């Protein structure tokens, strides 16, 4: 339980909580980016360099862009970026659910007896990860590739304008 | 190309109800014009554009001209035979009349296809105040679009059938038509170090307290 | 922190390290690491700060020379103080925040941008012993650090509450996202062949010479040359330089996302652009041009950091030269260029590099075959894709009347 | 401008907020009157769908300097320096068009030498205008000044010629009714001849710099297509009209001055797009060089002014005249109405770039903002002439 | 030209000028401040009419305004220091010019280039022409000519640099934005039914000198 | 092939870059404040008044306050007031002179029409262009004293034109003298004849003759 | 409290926040982002167990996270495409109104 961990926890949770409360959609998105960065920082702290950088690349570099794009593409005016405040009833139920979940998990965490942690992080090199991926998890990697391709195609089909020939006419 | 007189006759035959007048131009340029009446102007213009012998496909220039009301002295000379049997005398009779004010639009037409021109069309409004509506020729020649807007802006001629008749050069809230001859600029006094007479008068009006010194003379 | 000494070092070679060690040696043991890091940060900041200052001047002067004029030459000797005059002015200029702007984001954007664009320098090996942070995953780190620039540009454009800025923000997002892919993909062959993500090891892999004067730089292989070209094109786009300067397209969008920035914040943007340019060029030097390696065994006595700087400057000169010559692309053409030209080429180049490393054992006539195949794998797709890309646009002949 | 509720005081280019009556994703952007690529104080209210233009309304009048009203209160001669300031790149051709209109109005003959000198100056002006246009167009395409610098490098040479002949770089005030103000010296002619010889290599260099550039080709070909029929109907003239393939050049059609004596060709485009407009101008410059060479060879001796022409107290008879010439931007004409007084009763300028703008919206629809910028650039407007 | 700033006792005015011209000597914060901004005057990329072409020409190879560090023509007023009013300001355009001026951050300067910008020039009798931009915004340098040669613009720029160098940071000579009560924004006129309203900025356009005809000298 | 056009362009810019170091045609900058532009003789900026004698500028003004330039000036930047008395001019003849002659250079558009219409060669175009100022009124309104420059100065800026003007003026003067002499002779012969008419106004050329 | 416990608690809290966002906000994009946050919380757990729990295979946790990140990216891409399609369909992003699949 180091000081660094505490700071990271505050960043991650703080920005996520702020995102939950801010009315402005762009602010929410940017705050969530901060949260993701915090998670990447956590990975770095934990010694998983490769994962941390992958997290930054994917979440900050790509996902946030797509999200912001979606925000801009689906905006009608600046005023509408201020999404409506959550309805009170739903909000209350949501908070209750959230507290319940974390309560349950927290109780479980405290109830379980954990082995003492190893002093140093397991040595994981890039080469090691590569070998693991291509060896033990080759099938999963392949499946993931297929999944990503399918997702890419699906996203293109979904987001493409309805009928291109209609556009030509107009 | 046929002469303007022939053209006038042909139009008169085709549009018997139309009132087409040949307006002669006394200057050496000899660019005579056809004065059309407002009701038939667009039909005649379309004819001029589409007639295979004319093909006046290009309306190059559109101008407004303001003719304020003015007094004209007509001199009619009559030769009166001398009752005494001498050489016949020329009697000059002067009549004064008021020429009513009017606004005029001039169109210069050329043919790119047949390389001839110009054929000048003139349209005249009834007066300068309330009867200022003329048919727009923009549906015939697109090039008239901005030019008619300009004439509307500066002269106040309203073009009926214009797709987008708004002020073009002056701002939207402007009320006057500055190219009319009787337009008076708003009093916009500028201190001039080299005062001409009218500037002096303006200056006196603007800064009455210490009257500008009289012209110093050596 | 100190790369393995490969060759006997001259005093000059070790000078920066010695200087650092001398300073840290004055401090107690426990402070050494902190002081050393701080010194490195200060050195990078000062070095690249100065480089930024003179790069702006060099850009103005070189543009001037290309345009038949001298450029700034009156502020100080030969205009050498011009960047400082600009700096003084920018610092003292009023800072205007538009009324409708998002004040926090408007302030954060330039700060984030500069911070992020500086991160990349940490893993660049400037010399044999000069790399701030030895990382096993340095290349990944470099590109991960670079991604947040897009966010900053977006923040600037969005927060300004100006339509031109917003359009610029959209353009920036689209452009940077599209060119991120070819940029990364053009690096993968190097990683593949060198078998490591560490920048120092990649440089080390390019050491040595054939015949004493043909260095084993990646750029001298078919896939390396292609990769270098593709990387530089993508780098041009990533650093928003002409002909890809769409987000701040002056003739279209006033100054794009910069429209509402004044004074020092504007200078920060400017700085970030140059830092980004330097970082990407430095990466290109590291990946393709042999890093700090000398081009010939005979020239090894010149310190390695001098070689790195020289290569970096040549690439930066290229940036300026291209800026002085080319018109700007349109957004749809930009995207088309990225997706239909660069990405396929980078993928093919990856295959090419894979083939190259698999056939590393070929010798004699097979070596010739290897070269021929690799070269044609570079040239043929380039020509074919280039044809399809520029289909329909060609110089025309005209008739006369 | 009364758009205060829409005008955002914080921005450089008056951005209006999204109008409520616009459907869905449309955004209204106002480009100008201060915008780097509007070639002066011109304004386009552009409605965008993404970056695609769905509506474009030009707004004029930010440089409406009341040229025509001033001319009604000035003598015929006094308007000559004002014509310099119409299309301030091409004062020589403006002068000529005005002089020609007055000469038609009053029936003044022009000596042969003056006609030759006018041709020389008009073709030099054409070179100047087209060179500048090419530079500005490239600037609009996003070049960082280099083509513009090269264009202005050559422009300065022509301006030096103009200055040593007429005394002013831009506002030459050189033509007079019935001739020219100063007779060019042999030394001047030699310098002009040398310039003409050096211009061809410059054009080659300029074309090497950009004409074959793939980016430029992609940017300009197929952008802003104009059909011949629309061009004629909309009164489009000059290189823009010829880029659509219509063979119409007043130098051939009207054959004014001594143009019928020269051998030259009219380059014609096919597609009527931005690239054609650019190339037609480049090719026209090469033809202008041919005309200039012939004019230098054929320049006769003799007076430069018609001795019968009056300078002061000039009062043409009642009547009117429309005189036109082929200016570098298209047909520049003056419509003069005389009531017999010392000042024209009505003085109207038929400004080519004003009328060429009629089809701006048609050209831009469906293209992007970046295209609108170069389409406007390829129309070649000068605001002094558009707004007068 | 305003009075030169108080000089250092150890160095004569001419020596100081000479050194300053080479950008070497800086005697304190004020000097540094003035040196910086006088050598980095970035004009707004803003042309109105004929003079704009000469302004562009001044930035081109033959005259090269870049030598003075001023070739950075910024398209956005936010980054510009100098507004060159180059050409006729019409009444329709006047509000936009004033608005641009207001959008520029301090310290900012204005050059009225050419007859039209100074006084309306040849077009001053026109109904839509503003008779001098100094009715609305404070003008630092007037460059007469129609249009002035590019060299004349460069000369004006040199004069402006000189003026900047002689400005005091504090006191009544201080630039507008450094004065406590100074409101740098100029009122923006509106286009009315017959004329722009107000037709001038009262703070800048006080009653002009008494209208005395120039007398025999 | 894709890229050839771009390469060609790059070669052109590279050529210019290298050329700017050795080829004067590729380095066209004049370092203005140090190197003054070589103004052509015809260059005109603002008008000035010619006087024949530098030591007595006001006494030898050629201007006779005929006010033609004031009327013809398109932007109306000239202001003239005639004197009520007459003073001898350079030739000693009594002439009206301008009591006030002011030109507002903040309005002048350098069109040279005043010079063209002046029948007395009294107003000419100056070549001074370094007149940027901080003061709109005091520095830009030129009065008679500031406007007057000697003929010698005219000779330095427009040598050809000045020589022409001088030749014409002397020829006119000689013609007038001869005429006067002839008239005097005639007068001596016929004392009843009317006195010789005033010396004709010097005419520049035919085109200047006005009809009405 | 051991580091592992801290990490797990952090993960639980992050998961809850994600859950709250996904449940309480009506904007489709925000809901998607909430889900992303929950995925991140899960990844946090993987790394925590990999780092602070002995006995796991040396790289499994890391590889699992890598897979999860990739899947999350795919999910987000499809999700945002859906959002855009939804917007095109009903001109806003309120999920409560998205009651029909065909329209």
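First chain written, first letter: the chains are A, B, C, D, E, F and G, and each begins at residue 1.
In the analysis below, a residue touches a chain if its C-beta (ideal position, glycine included) is under 8 Å from a C-beta of that chain, and two chains touch if they have at least 3 such contacts.
For clarity, every value in this text was computed on a predicted model and none was experimentally measured.
Student: Hopping along touching chains only, can you work out the least number of steps from subunit A to subunit F?
Tutor: Minimum step count, subunit A to subunit F: 2.
Student: Out of curiosity, which chains are bumping into both subunit A and subunit G?
Tutor: none
Student: If we define chain centres by averaging CA atoms, which chain lands farthest from subunit A? Would you check?
Tutor: Farthest chain from subunit A, going by C-alpha centroids: F.
Student: Averaging only over C-alpha atoms, locate the centres of subunit D and subunit G and give their separation in whole Å.
Tutor: Using C-alpha averages as centres, the distance is 62 Å.
Student: On a C-alpha centroid basis, what's the spacing between subunit C and subunit G, in Å?
Tutor: Their C-alpha centroids are separated by 34 Å.
Student: Using Cα averages as centroids, what's the distance between subunit B and subunit G in whole Å?
Tutor: The separation of the two C-alpha centroids amounts to 76 Å.
Student: What is the distance, in whole Å, between the centres of subunit A and subunit E, each centre taken as the mean of its C-alpha atoms?
Tutor: Spacing between the chain centres: roughly 53 Å.
Student: For subunit E, which residues are shared contacts with two or more other chains?
Tutor: Within subunit E, residues 45, 60-62, 64, 67, 75-76, 78, 92, 103, 119-120, 122-125, 127-128, 132, 146, 149, 191, 208-209, 213-216 contact more than one other chain.
Student: Counting only residues that touch at least two other chains, what does the list for subunit G look like?
Tutor: Within subunit G, the residues that touch at least two other chains are 91.
Student: Multi-chain contacts only, two chains or more: what residues does subunit A have there?
Tutor: 50, 54, 62, 66, 69, 76, 78
Student: Could you pull out which subunit D residues touch subunit B in their complex?
Tutor: These residues of subunit D touch subunit B: 1-2, 60-61, 64, 66, 68-69, 72, 104-107, 230, 232-237, 246, 248, 253, 316-324, 331, 333, 335, 337-338, 345-346, 348, 350, 354-355, 357-359, 387-388.
Student: Would you tell me which residues of subunit F are touching subunit B in their complex?
Tutor: It is residues 76-79, 81, 83-85, 99-100, 102-104, 107, 137, 140-141 of subunit F that touch subunit B.
Student: What does subunit A use to touch subunit G in their complex?
Tutor: 1-2, 5, 9, 12-13, 16-17, 19-20, 25, 28-29, 32, 35-36, 39, 42-43, 46-48, 50-51, 54-55, 58-59, 62-63, 66-67, 69-71, 73-74, 76, 80, 83-84, 86-87, 90-91, 93-95, 97-99, 101-102, 105-106, 109-110, 114-118, 121-124, 128-129, 132-133, 137, 140, 144, 147-148, 150-152, 154-159, 161-162
Student: Note which residues of subunit C are touching subunit F in the complex, please.
Tutor: It comes out as residues 62, 65-70, 321-322, 324-326, 382-383, 386-387, 389-390.
Student: Please give the residue numbers of subunit C that touch subunit D in the complex, ascending.
Tutor: 63, 66-69, 96, 98-101, 161-164, 167, 170, 242-243, 245-246, 249-254, 259-260, 323-333, 390, 392-396, 398-401
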